[in-house]
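Read from first to last, the chains carry the letters A, B, C and D; within each, the first residue is number 1.
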Amino acid sequence: MNLVTFSQPLRGIVPPLVTPLLARDQLDEAGLERLLEYVLAGGVHGLFILGTTGEGTSLSYRLREELTEHVCRQVRGRVPVLVGITDTAFMESVRVARHAAEKGAAAVVLAPPYYLPEGQPELREYLDHLLPELSIPLFLYNMPPLTKVPFAVETVSWAMDHPEIVGIKDSSGDMNYFHQLCLLAPRRPEWTILVGPEHLLAESVLLGGHGGVNGGANLLPRLYVDLYEAACLGDLPRIRRLHHIVVQVGELLYRVGHHPSSIIKGIKCGLSCMGLCNDFMAEPFHKFRPPERLKIEQALARIQELIQAAG
Amino acid sequence: MNLVTFSQPLRGIVPPLVTPLLARDQLDEAGLERLLEYVLAGGVHGLFILGTTGEGTSLSYRLREELTEHVCRQVRGRVPVLVGITDTAFMESVRVARHAAEKGAAAVVLAPPYYLPEGQPELREYLDHLLPELSIPLFLYNMPPLTKVPFAVETVSWAMDHPEIVGIKDSSGDMNYFHQLCLLAPRRPEWTILVGPEHLLAESVLLGGHGGVNGGANLLPRLYVDLYEAACLGDLPRIRRLHHIVVQVGELLYRVGHHPSSIIKGIKCGLSCMGLCNDFMAEPFHKFRPPERLKIEQALARIQELIQAAG
Amino acid sequence: MNLVTFSQPLRGIVPPLVTPLLARDQLDEAGLERLLEYVLAGGVHGLFILGTTGEGTSLSYRLREELTEHVCRQVRGRVPVLVGITDTAFMESVRVARHAAEKGAAAVVLAPPYYLPEGQPELREYLDHLLPELSIPLFLYNMPPLTKVPFAVETVSWAMDHPEIVGIKDSSGDMNYFHQLCLLAPRRPEWTILVGPEHLLAESVLLGGHGGVNGGANLLPRLYVDLYEAACLGDLPRIRRLHHIVVQVGELLYRVGHHPSSIIKGIKCGLSCMGLCNDFMAEPFHKFRPPERLKIEQALARIQELIQAAG
Amino acid sequence: MNLVTFSQPLRGIVPPLVTPLLARDQLDEAGLERLLEYVLAGGVHGLFILGTTGEGTSLSYRLREELTEHVCRQVRGRVPVLVGITDTAFMESVRVARHAAEKGAAAVVLAPPYYLPEGQPELREYLDHLLPELSIPLFLYNMPPLTKVPFAVETVSWAMDHPEIVGIKDSSGDMNYFHQLCLLAPRRPEWTILVGPEHLLAESVLLGGHGGVNGGANLLPRLYVDLYEAACLGDLPRIRRLHHIVVQVGELLYRVGHHPSSIIKGIKCGLSCMGLCNDFMAEPFHKFRPPERLKIEQALARIQELIQAAG
């Protein structure tokens, strides 16, 4: 049962969990269990499954349900579990959301429908139709590079009038947008603003955000939790040291290979190198081959050195 | 049972059929029947369901199956039925494709997975994985404005080495791309090249294409069939007269309202004005309201005048 | 002296002349003379200097004037000379335009100012301010991939109310836009519509355009003139044969090297291979090196074979 | 004479000065003088003329020289003057640069040539050709939304091997890029990294940048200097208060009107409301009309209230 009420912002590091797979449409259950315990031990404050990093839109609905059930069961309320319901088909979003609520998810997360671009009034009407179908709170997920359509600032402002909508994850990378979201925040003291891109974690928390949904926290949960905590304390020398490492994670781990999916591939490959879970990718992507894997291994070693040095 | 062998190109007008709906997730069966008989009576050479104009990605899987079954049953092999299987989840594409084959579809149609952009090598590998799962032929659907990822010319060239892939629908609007496709065509004399944007129907058929998958053929099947036939005959005065009307269909019917979905809304609204079917739209879109509907009615009247005048 | 009145559309092939250079800021005068006589002998119907292919915006104003004077003097009214005045600084456009008029140019050609994007009302006001400063007619030049800002259809419609503006060159590659321009044409029977991309020459002339401003006509003026004439006559078999060659010119000559300037480099390199003029490029571009030059030589040979075969 | 050696980074606020105009091609000399003394009195650490905010590319070369001479003469070395030389024509960039050096500018500032996009190797070769023509140091100006072409990180890394290039102004708004620049910085302790977008001033200085080239510092130099100084001191409560105001400057002053030039129009209009200088805009833009001016007046009043309240 879900007891999270979101009467306070959701603060901290909420990894967008990768989905460990053994093969097409087959969950790596043992890997998932190890991964969950690893990130929880790293101090993360929540989990977001079936997001972009989780390859949510690439998975069969059967597997999405299996994953949701498995994660909720294993987490047992230790942290809130957020479940992605982004879809182009309204009915399928509703179906995934209902299943998530039944299994104990704390909230669902929705990016705009992403095939034919809708206008902002249509997006608001869409939310209006969706809210009565949900039994748990909703986070918005702003991801215009992938959905084409953003949640415009005015749409977020409109959303804040709906208590069922409790926050936003902004993965646009556009700090102008983010700072405008922060201008709106005083209207809803419990409203959550989380940032997606990891290199923005420090500055966003310093200037009004509540934390990060950072893919790298699958691999290095403690690093992101430490940086988040340093930012909460305003410990600038420590922020700079850890931020510097986070930027290098992006540099060394996310740009191996040639395609935009390199970030997910880098994270899954790194987890496999660390013995946590399998790195099989859902179609249309495939895992790194040996030459890329070698680079990821070296990058992980380099990042570990930097973490040691930073103390 | 499906007897189409695609030993010749699929030539002519293949309307991307709208999906008549009564309400959310509810098929307008009577409207669908009227619409089917109307376009067949207009002389169309095939049907494409569950495409962009058919709101395929917005429909529940249950409704996609209901529609496929209904259309195949009613068409009874009078023309080939092509079924869209574009999806972000490989397993769901396969499921829709299998159902379509069972119900008697002649072929399936696939645009690239459209959430996180894949590279061309990944897209080719994706097709490589998909082909063994299919029991009927496959058409490629090039639609980069919506999928972000095109079928690059080299990928089409690669696809032509696979006999299960029988042709391509190009909705890019980029005639440079289209003409390059035509350069490849001699390698597979039975390979089909169809064009999506209606204003390109005349020129594409004049210069090497086989026909059009034109949304306007829902509303005015005879106009598009006539233009196609004039283009086959090289009757330039008649081509110019009919092409001129088709450009005005775009001008008058597809730009009412402010959003990119205006084309589908205009077509559905027009069909409703003509008494053929309901104009309910799947979320996140909604049908035109009275002021827009009035414009569509006037536009239809104007187009009818132009058709009369063209003789 | 300029005797062209543009009381009829400018019909035919108007090469966007390359600017032969010996070195930085130094005209290849002998090469320019040979090139001019070569394209005139090929039957072209006008010349457009200082356009994109002419590297107009990369040249010093001194050189732009030298070129204009040289071309006008040598052409001696055999065909109309159009001079590009596109600039980000209003005063400099005016200066180039005045000089062109003095030297006998028939018209000037303007793309929208291209640094900070202006709105369409601003663009109309800009034209309103510019027209009184001009003493010869103006062609619009629609080139949104490079200027960011298009001449929107409504702006072209507005321009047609100004007799000093006599036509448009459309290099957008968007046939939807082009066909909409053609819908406007009956309002000004003498208004000219020319198309930039070469692969669109056949279809645009078949469906309402007046000709092409095609870079390839520097290299192969006779091929483009022949295709234009075939299109005027509606000789479809000949159109298809020549169009097929033009598409291969694009395929073989314009995609050597990796950068968007490959078209200009390919044309200049080809002219150098043919002994017509130097292939030096103005900064920030440089001419092809030996490996690329070899490809261009082979491509030219292949195109000549195709031309022979087409008869 | 120029005595600035850039042996240390250029730190602080460097307003991209607007160019006060009385009419087309006519400098508002008295306004320029007032504006210069006003921003200098506000504590700014340098001046950047002929940038985007200065409408550099819209001005005649005559006026660019007049402005450069006037500014250098009046500033008399109190702060370094940086002069924009961005152009599509290499020779004209060189001409503006030489004039600037003669008049006593401390450095010149170059964005990539911005008509036909060049590749990064071409951009490096372009810089290689440009450097021997310059007699004062060069700053790079990264502005991909307007130039299409960025200075890629590898190109900046290459530039750092050239002592004549002393720093970069990044107006991309992309903090991922900015943080990567900061990773390179240790190689050249005197290398300067400035940020363009004002809402990024606080976070960039907190995490490794040296200051801002912020348009709003024309209007409110003290606000930006105060925020810069608070960021240097790491005074987080004060940073948050002032940053909050800066974000509202963007919200209230830069989005009046419909076109992308609204930022410059807002700044010039505000300066006119404050009695500092004329708000005439160079073509293709025009100054705000009374309704927009009223909004700017109200916005300025509101910002002043916020500044008062922040103390």
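Simple rule for what comes next: a contact is a pair of C-beta atoms (placed from the backbone, for glycine too) under 8 Å apart; a residue touches a chain by one contact, two chains touch by 3 or more.
Predicted model only: the values in this text are computed from it and were never measured.
S.K.: Which chains are in contact with both subunit A and subunit B?
M.R.: For subunit A paired with subunit B, there are no chains in contact with each.
S.K.: Most remote chain relative to subunit A, going by C-alpha centroids?
M.R.: Chain centre farthest from subunit A's centre: C.
S.K.: Considering subunit B as a copy of subunit D, what rotation angle in degrees (nearest 5) results from a C-alpha superposition of the former onto the latter?
M.R.: Angle of the fitting rotation, subunit B to subunit D: 180 degrees.
S.K.: Could you classify the subunit A-subunit D contact as same or different, where same means more than half of all interface residue numbers appear on both copies?
M.R.: The interface is built from the same residue numbers on each side, given that over half of them are used by both copies.
S.K.: Whole-Å distance, subunit A centre to subunit C centre, using C-alpha means?
M.R.: For subunit A versus subunit C, the centre distance works out to 50 Å.
S.K.: Quick one: report the Å distance separating subunit C from subunit D, using the average Cα coordinate of each chain.
M.R.: Centre separation, subunit C to subunit D: 36 Å.
S.K.: Taking each residue of subunit C in turn, which ones touch at least two of the other chains?
M.R.: Within subunit C, no residue touches at least two other chains.
S.K.: Pairwise, which chains touch?
M.R.: Result for touching pairs of chains: A-B, A-D, B-C, C-D.
S.K.: Residue numbers of subunit D touching subunit A in their complex, please.
M.R.: 173-176, 179-180, 182-183, 197, 199-200, 202-203, 206-208, 234, 236, 239-240, 243-244, 247-248, 250-251
S.K.: Going by the contact rule set out above, which residues of subunit B touch subunit A in the complex?
M.R.: Listed in rising order, the residues are 24-25, 52, 57-63, 88-92, 112-119, 122-123, 125-126, 129, 146, 258-261, 264, 282-286.
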